[in-house]
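Comments concern the structure below.
To keep things simple, chains are lettered A, B, C and D as they appear, and every chain counts its residues starting from 1.
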Amino acid sequence: MNSRLKTTHDQSRHAVVLLEAYRRIRSATEALCTGLSAEDCAIQSMPDASPVKWHLAHTSWYFETFVLTPELSGYQPFQQQFKMLFNSYYVGVGDRHPRSERGLLSRPSLEEVFAYRQHVDRNIERWIETRLSSAPMEVFELGLNHEQQHQELILTDLKHLFSRSPLKPSYRKTSANSPAATREMRWLTYPPGLSHIGWDGDGFAFDNELPRHQQYVEGFQLAARPVTCREYLAFIDDGGYERAELWLSDGWEMRSLHRWTAPLYWEKKDENWYEFTLMGLRALDLDSPVCHVSFYEAEAYARWANARLPTEAEWESVAVEMPTKGHFAESGILHPIAATDEGDGPHQMFGDVWEWTGSAYLGYPGYRPVAGAVGEYNGKFMVNQFVLRGGSCATPWSHIRPTYRNFFPPHARWQFSGIRLARPSESR
Amino acid sequence: MNSRLKTTHDQSRHAVVLLEAYRRIRSATEALCTGLSAEDCAIQSMPDASPVKWHLAHTSWYFETFVLTPELSGYQPFQQQFKMLFNSYYVGVGDRHPRSERGLLSRPSLEEVFAYRQHVDRNIERWIETRLSSAPMEVFELGLNHEQQHQELILTDLKHLFSRSPLKPSYRKTSANSPAATREMRWLTYPPGLSHIGWDGDGFAFDNELPRHQQYVEGFQLAARPVTCREYLAFIDDGGYERAELWLSDGWEMRSLHRWTAPLYWEKKDENWYEFTLMGLRALDLDSPVCHVSFYEAEAYARWANARLPTEAEWESVAVEMPTKGHFAESGILHPIAATDEGDGPHQMFGDVWEWTGSAYLGYPGYRPVAGAVGEYNGKFMVNQFVLRGGSCATPWSHIRPTYRNFFPPHARWQFSGIRLARPSESR
Amino acid sequence: MNSRLKTTHDQSRHAVVLLEAYRRIRSATEALCTGLSAEDCAIQSMPDASPVKWHLAHTSWYFETFVLTPELSGYQPFQQQFKMLFNSYYVGVGDRHPRSERGLLSRPSLEEVFAYRQHVDRNIERWIETRLSSAPMEVFELGLNHEQQHQELILTDLKHLFSRSPLKPSYRKTSANSPAATREMRWLTYPPGLSHIGWDGDGFAFDNELPRHQQYVEGFQLAARPVTCREYLAFIDDGGYERAELWLSDGWEMRSLHRWTAPLYWEKKDENWYEFTLMGLRALDLDSPVCHVSFYEAEAYARWANARLPTEAEWESVAVEMPTKGHFAESGILHPIAATDEGDGPHQMFGDVWEWTGSAYLGYPGYRPVAGAVGEYNGKFMVNQFVLRGGSCATPWSHIRPTYRNFFPPHARWQFSGIRLARPSESR
Amino acid sequence: MNSRLKTTHDQSRHAVVLLEAYRRIRSATEALCTGLSAEDCAIQSMPDASPVKWHLAHTSWYFETFVLTPELSGYQPFQQQFKMLFNSYYVGVGDRHPRSERGLLSRPSLEEVFAYRQHVDRNIERWIETRLSSAPMEVFELGLNHEQQHQELILTDLKHLFSRSPLKPSYRKTSANSPAATREMRWLTYPPGLSHIGWDGDGFAFDNELPRHQQYVEGFQLAARPVTCREYLAFIDDGGYERAELWLSDGWEMRSLHRWTAPLYWEKKDENWYEFTLMGLRALDLDSPVCHVSFYEAEAYARWANARLPTEAEWESVAVEMPTKGHFAESGILHPIAATDEGDGPHQMFGDVWEWTGSAYLGYPGYRPVAGAVGEYNGKFMVNQFVLRGGSCATPWSHIRPTYRNFFPPHARWQFSGIRLARPSESR
């Protein structure tokens, strides 16, 4: 995180802004639970995913642990055992309930967890009031961004849970089909040069977006839009999932082990393709950006298409020149759709689907995590993962930036992860 | 099952009796859910255990599948997909939702499952009315006994779930300590001879209790009561869990793999022993019968005590002469306790704890499962399991008989399973 | 073991006999290695199987550990570390090299292991000479029988290893086809009654054949001969491996997990069936007894054939009346074949294939293992296994008796295990 | 690979040189087998490692498959099934014997494999003679480098096998202790700038060293020498293996799963440290570079030492200026030792230990694998691995270059992998 505030007045105004953000974000989290039963919120469908109830509690635990307990004098924790129960992975904070057992907690009840949230909310208000003028707000601001990340996870984890039920329940009733056919693919050409990469603004950024530094980027071409389901279907129909020569060796093994034959949530019945969405099972929207593919599938698709995935430096050097707009969680659509107005430049760089890059998730030159347990936030995961860029239909709009680095292991498929292609500049 | 009814009048009276039993048993099942939240009822804590909600639905599925669908004309299933969702292991009925995924079903909700139960109840009443005089009631009666078995499983599965929570919730508030110190162990001697084994009455029995047949039983001694926690603690303190020579080879491997050092649910803190019960965590009741031990532990304990486990023929030849009374589920105590009045003969043969026998669970000579999918009830499990006898504090009293054969794999520990010793008749 | 020798003269003669047996058995073991390379003898193809070299060493380890070290004064072990390296499962003797890592021992070399055998042989001769008149010979005699068991394992383990090589090497060049067509199945009827079961002679028997006791056996019919490959093929062709209703639940799971579609070592190519034998791959001999089936397959076959497996008491009560003859290892045929002269009674009770019984492997009433580490020989395996009777084409003839109890887990298939059917006496 | 030869004369001379290299390399491979038994060469100690015999055959398979079969008219394969048996991972070539079952092949014997080698050698000589003037030699030259890689694997795989034996055999008798104490650590400073990275010479290079390209490298400091065992011991003694905050999250998990407490092959007995080497077990050489550490351990050590691992661009920009000399396989020492003459610059960049970099193994900008099955050589492994640089005491000297990129998964420890530190240029 990176907040450089010069004066007391600045700080005070900043605190007011953050408090408003706090209220807005906390209530947005709870709005996601509308229509969910206590059972929907309690179950864990795989070790990677967490119950909604756990997300609700853990995001509160963050504020309790990193803000209220150290900063608010006389603060009484809501429940002593929550310190351990809702710690995700912060070894520096102490013991943790095992990740794979988050779904065993029928107690505390959903109701109690909401009461926990209110307890934390009341105390945060009190803390802001009393500490307005001087408190360092970085850790608090990190908590807001942390909660937004969990908003997205609530949606993707719930989608996974619902997909495992033979009843195929729907979370929302909105309709989310692409409004129009997708235009043919265009390629945009960028010259070589030294690029400045990483965050350099006044607002918030994660530590993994720092330090800003230079990278030499060769000339390249970038696809004007993400790959669509129609295009991906051509890959499937061309035997994409049966041709080892298109795949990384580890990817081929994953495909074989898990018997992948299509993106996660796709189903073929009687020669027709369907996809499970947050609106239930429905016919595949061919014009929409393909999503729920792993890095391995994205990479194999790219090879098949005689292209490759962009590096994160390529992606960022383009994105940094563009307005951060697109279909985000606020749209309520909750599924990627085709863009209507496309213009000449690249589009859908933001929103709809996270775009896998070909860059391993590593620290930037000179990267240092912050001191203390909060330093475990990003740094200790810098291995065996790949960077994704741009946000998705489940990401809050206010959460995203051109320098934002998301990361997942190459086999992960339950996020809204899609594909944008790149290729050398001389290609055609 | 074994119901031999001669006349129409008999049959009609029998149906009335069964309908009363149906009402009583079905409502007893639901009474077990008092105080449980929807979350408590939805979660599966291990593949062996099932969510309470699943038990509620599956016992209704039984009546729907084996009684209403084939026997009640015009019956409309409550929900078409329940046929697959709540089938446990009846291959003959069709597809089954995987056992290990019973905890992924946030839908149907607990409320819907109760509605399902009412739907089935209403139709069972209708069916009994219209078919009173002629319908074969065996499958229906099996359903009643089936539901009673699941009543016990609701308790043991819930106990397991609660034990996995760091909050250690309690299911009931009753106090269940042993009322008095246990008397010293006495041994009762029985002469050799041919014994008649298996069911031969008019009422209900499972097919695995048939056919009645003769077995030659050598002279033996039987312990007058189950092994207590105090006695078992002496085994632990004598290095019982560290001495390979006391164990079967497979048992030793299990002990090592799972790092067993005491019965399931026992915990040592600051030199004191505690046990998790349905009433929460509490100090170990030393006078109570030890429970939640595997066959392997029971067998190792017996070897340490210079004794052995009884065969099921030995056990039955003694039990058949005794009244079927003891601490069962109806007592509400929900934990084994010491007996107060002990008398001269063996006691606590029934209730408190299931008693592991040294007999592998196999079919009796001439055993034949009934035809059709219901024949999968018992027969297909006759391998890799051991027989337990006598019922436990979680078994309904009306469910048990001297010939009743319960069975679990030798490593199972989450049932209320305990130890009664035997030894050759010349021992002292 | 059970050797009751009254006088010194008896003991002395007994020792001479045993020394001859020792020489004969030890050299028979080594004769099995003719034609094998050091590599053939070093590799372990699965945790259940052991390298030939390990068998050669372990059988010598037995004599070194249980005879020479305690009984021969001044005995120098061949190599100190062999005590641990070649201990199979005797916890009482001390540490053991892990079973699954027996194939990691390129050292000691095969040559060194043969030198080890000679060292032990020389010292055994010396021990017998010096101790002729008084030494208790039970443990020595057990060692002889132990070595014979490993002779059979050398053959079955090597067969498994060779079967895993795409080169399908052959161990011996003999031809072993059935000499004639098998006669149609006949059933022999036996009346009910009390039978004496277990060993009662003067010679050697394992402790698990004791004590002799009575069992009440109901009337039954026994198949006159083992099931043939032709008959088993009919089971396969009738969908035997696809019909869950024919299988025990655990058996069905094994079948699914390991994708069993035929006995181990059977292969179908271009509509023809082949089997891998110690003579290499060859066309299936339809008239020969089916072998390399698990208990699960035997049990499912029996159900399909409207029969069941015999109990070990049934089997023994018939076998005890018959001469112990048949195709054993000494014949050199090393594969089951059809019998030529069949007579009126049951035949092939001995040799050709081990016959799965429906009896779980448990101790007889009053069973006690002998004291000390040798007591681990049989007793600690009395769980999760089934009894097989009669010996196979890989068993030495002098090793077998009507009371002999072999045992393997129900999923084991790499022994020469086959099927003999039984059914109630009133069947036809 | 990269061979650009202009004229026929050049090509002819090149062929002569390559033939000499072929003879030298092939016989160097076989020299590694001196003193090994057939058993030593047959066994596979873990799926990552292969039997020596397999390496001997597979390297011949390479020449048979990629050179002789397509290029030598009338070539008769030595044995048809070897095509499948000794294919490592080339899907484009057809079926492969499973990697984890390479140790099941007692046949072909070691002798036959040597005959196979001679068959291939004879035919390669014939091919070179007849095709001298025109044949494209890239694939042949790749085969030479391929065989050198397997020379190193023969040593590391055999070391692993021997380490698993309680006998702790030694492969060679040479003594390999560090000749002198290691000097204190010095840091060398390098300025920022654009560096040319990748191969640009006339000789051979792997495709993953191409294309040569520019990278912007910030100023940095590089340790003058690798980390020693003495320094690493300080990390252990400071609780390095017990402090989660020093580790990447995945690394901590690996450490816990495998219970790492020291580098592979280290053993503590009675407060003294030993290490298993190719010369057997011996006291730890404190002055020697630490080796057999995973990337995770290297990375944790660096964090503890307030430093980091160098990127491969940093490493290469330094190494490219230096002579390629050091302790390689040719020295016969077969274990890393301290350097004697250290000079002012960095030393031991080459030889002794492979140095983990902080760079994920990915393709360089514009990377393209060559067409055909040979293209599977490097490209398909570009995920989930890290780059190591500089060669080790088991690498042939003629095999290494400053641009050489070795790669292993971050948990791999059985290679001679060590640690060189880097840090920002302003550090002190």
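Convention: contacts are C-beta pairs under 8 Å (C-beta built on N, C-alpha and C of every residue); 3 or more make two chains touch, one makes a residue touch a chain.
Remember, predicted model here, so these are calculated numbers, not experimental data.
Trainee: I need the common contact partners of subunit C and subunit D, sorted by label.
Mentor: Output, common partners of subunit C and subunit D: nil, no chain qualifies.
Trainee: If every chain is reduced to the average of its C-alpha atoms, which one ends up farthest from subunit C?
Mentor: So the farthest one, by centre of C-alpha atoms, is A.
Trainee: Would you mind pulling out the distance in Å between where the CA atoms of subunit A average out and where those of subunit B do?
Mentor: So the centre of subunit A lies 48 Å away from the centre of subunit B.
Trainee: For subunit B versus subunit C, what separation do you get between their C-alpha means, in angstrom?
Mentor: Inter-chain centre distance comes to 38 Å.
Trainee: Can you give the whole-Å distance between the Cα centres of subunit B and subunit D?
Mentor: A distance of 60 Å separates the two centres.
Trainee: Can you pull out the residues of subunit B that are in contact with at least two other chains?
Mentor: none
Trainee: Taking the touch rule as given, give the residues of subunit D at its contact with subunit C in the complex, in rising order.
Mentor: Against subunit C, subunit D makes touches at 37-43, 45, 53, 81, 84-85, 97, 101, 103-110, 161-162, 164-167, 169.
Trainee: Give the list of subunit C residues in touch with subunit B in this complex.
Mentor: 89, 91-92, 194, 213-216, 218, 244-245, 247-252, 295-296, 299, 311, 358-360, 362, 365-366, 376, 380-384, 410, 424
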